[in-house]
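Next up, some structures in structure tokens.
Two complexes are shown next, each including chain A; its partner changes from chain B in the first to chain C in the second.
Let's look at the complex of A and B:
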């Protein structure tokens, strides 16, 4: 009722209102399309996210197993010393990608998978079990990066879907009905004024 | 940007082996909470990896922040995570689509 209380029943106001209604209706249509598009995009990404999760779990299981073997056979100290000898560290780069007006991160990585001689610990001093564990973990890190990219994209998409949905609903159930109410009010009021006018004229004539 | 690992010593040793240097060894829940907060404020960290069990130990407020955070992105491994994401999907789409 907010709009209705604050308007004067004049013709120019009516024209103004009509323009506003047309504008909000086209906005509503566009936002609805955006919402549907986003949801479609989301469905696509969700499948990917599920797969990435499953892969991640598998890699993690594999990696923990490998390191458990390495620690059991080589002893904790050997594994630790190899781990602390590493110099190279993986770098990730965050870029952004635009999906229907939603900025989602795109993560590029470098220097994760390494050859045994690039790892930095002595090849002779350590055994192949440590190499295996390191490789399994490198794979896991790669998987983590993929998952991170997909999941953060998903989070952002979800946020935007929620926002767009709220806007669509606000337009559909609040803004447009209120504007239409106000339009109706002015129309009735103008008609009423016209009738009063003719009645008055008749009275003067009589 | 870098990857950070937060967890118990046996959780992080493997990641050290993969070359990640920002591995934080936490001994109790108090330290865990502080570390997570600290890493969230670190602009250099792009991805934070936690164990799912550790994630559950965090106070509810931080857990929510972890679920919402995009930069850095949190990844919980081991155990069944995805509950935060699931809740988010339910809220945005209206139905539970995950599985």
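Let's look at the complex of A and C:
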């Protein structure tokens, strides 16, 4: 249902509508600026996300190769046994930051990368293959955290761009034209009422 | 712990039996043939070889490459137990002490499992029943609730007192590293303390153990210097009694300020000849794997050499035990490597042939 179908053609309504039109136009301008800003931010983050994803794939390939060598040479049993030696879990802190009004996650981790002597198992009885597999997986976890932060920020930005775009379009193609139509309708109706009033007065005089 | 036995060993009998067994070891060509096979073909080949009995036994519990790995471990364990069974007198004492490395392995697995709160079945799967402590004893230890309880349960072994002393460090650091390192140190200390008759062959056996200590120390140094650890923290992880690197040499190497300085310092020692090429490969790949394999191959070559020198001594028996271990490792490397889709070139570089 159009706005004008529900509106009373009065001067106060007209004033109210004019205010709404001004507000919608400034809102439209601001949202357009926000949309453009978000798109620029998105392209920047997309480059970072591409690099992070490439790094992640590289780390994954490396970790797969290292664990394959460790499992082949040391045996699955040895790798499983060494994995039992570490109980400590890495700490992951989840905070948030604001990018042009969009709240995106900020993930910080600690205690992922460890030295050979900090991984729980004894150094004397193990080999560098176990160290290298563990190190490759530690790097992979770090890379996953970096990618998770960037990619979830990218997804949130994308959602917000979509939302802002819908709002801009709604204002530009629906709300503002309808408000303008309603304004035009009230103006015409008021003029018509004025003419009727003049005609009535003339008829009474005659 | 091990004084000289009252009876001399049955060298003639034991070495003859070992010689017969040695003839069943896979020749080099078999590994080359395995490298050309696919995973199912390897499984079938192993299932029809001397590992058939173990494959058949374990086939209901495992499948694929896991079945091959567990069957190889079981076969190795049985082979080692057989050797212990037919060795007598001082020969048995020496082999007993040498095979204690599997006790060390099993105790470590048990401690790790208890530390991680793994299930009894998961821990049991990591055991290799080739040592001097019976699987029944390990099953009893499996029922213990915590790491200190497991240590208490080892009261009848040589590891008990050193482990009790290391428990303080375990409680402070909350890692198993102090206990595991203690087990390795006690193992070598015990091996070097055996009272041997002092024949040339015995000297060669001791020199093999000392070279193994050098190999282990060098491996530790390479890893810890790369990690940038200070020498005070490295020293407790080095084993005394090496053949060519005494504690002063090791301290000097550990005190090198950086990894490159350590490499430059290592050039002054005789082990540089064995490691130089592998260190170059490390510089290209960033992996110490090549260095470890070079040192290990050198150690295996030495064992092979001494096994031919004195036919009626501990040396051929030790040589066989090592070759059997190498065979098991090689088959596992090929089959796991194939399963994990490693290239033939990478698999080949990990083999000791």
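Note that in this section the second predicted complex is superposed on the first by the 205 of 206 C-alpha atoms of A that agree within 3 Å, B and C clash if a C-alpha of one lies under 4 Å from a C-alpha of the other, contacts with A are read in each partner's own complex, and residues count from 1 in each chain.
Convention: a contact is a pair of C-beta atoms (placed from the backbone, for glycine too) under 8 Å apart; a residue touches a chain by one contact, two chains touch by 3 or more.
Everything numeric in this text was worked out from a predicted model, so none of it was measured.
Asker: Could you tell me whether chain B and chain C fit or clash when both sit on chain A in the superposition?
Answerer: fit
Asker: A:84 contacts which: chain B (first), chain C (second), both, neither?
Answerer: Both: A:84 reaches chain B and chain C.
Asker: Return first, second, both or neither, reflecting whether A:75 touches chain B, chain C, both chains, or no partner chain.
Answerer: Only chain C; A:75 stays clear of chain B.
Asker: Once both structures sit on top of one another, what is the angle chain B-chain A-chain C taken between CA centres, to the nearest 10 degrees?
Answerer: 30
Asker: By residue count, which of the two partners contacts chain A more extensively, chain B or chain C?
Answerer: More residues of chain A are touched by B.
Asker: For A:41, decide between first (touching chain B), second (touching chain C), both and neither.
Answerer: neither
Asker: On the A-aligned overlay, A:115 touches which partner chain: chain B = first, chain C = second, or both, or neither?
Answerer: In the superposition, A:115 touches chain C alone.
Asker: Figure out whether A:183 sits in contact with chain B (first) or chain C (second), or with both, or with neither.
Answerer: The answer is neither, since A:183 touches no partner chain.
Asker: Quick check for you: in the superposed arrangement, does A:92 touch first (chain B), second (chain C), both or neither?
Answerer: Touch status of A:92: first partner only.
Asker: Just chain B (first), just chain C (second), both, or neither: which does A:128 touch?
Answerer: Once the two structures are laid over each other on A, A:128 reaches chain C alone.
Asker: Quote the smallest CA-to-CA distance from chain B to chain C in the superposed model, rounded to whole Å.
Answerer: Once the two complexes are overlaid, chain B and chain C approach no closer than 9 Å between C-alpha atoms.
Asker: Looking at chain A, which of its residues have contacts with both chain B and chain C?
Answerer: On chain A, the overlap between the chain B and chain C contacts is residues 64, 67, 80, 82-84, 86, 88.
Asker: Under the stated contact criterion, what part of chain A meets chain C in this complex?
Answerer: On the chain A side, the touching residues are 64-65, 67-69, 71-73, 75-77, 80-88, 115-118, 120-125, 127-129, 131-132.
Asker: In the complex formed with chain A, which residues of chain B make contact?
Answerer: 1-3, 13-21, 46-47, 49, 68, 70-71, 73, 75, 77-78, 82, 85, 88-89, 91-93, 97-99
Asker: Mind listing the chain A positions that touch chain B in their complex?
Answerer: It comes out as residues 39, 42, 46, 49-50, 53, 56-57, 60, 63-64, 67, 79-80, 82-84, 86, 88-94, 105, 107, 111-112, 114, 119, 130, 133-134, 136-138, 140-141, 144-145, 147-148, 151-152, 154-156, 158-159, 161-162, 165.
Asker: Where on chain C does chain A make contact in their complex?
Answerer: Residues of chain C touching chain A: 66, 69-70, 73, 104-105, 108-109, 112-113, 115-116, 118, 122-123, 125-126, 128, 174-181, 183-185, 216, 219-220, 222-224, 226-229, 233, 237, 239, 287-289, 291-292, 329, 332-334, 336-337, 340-342, 346-347, 350.
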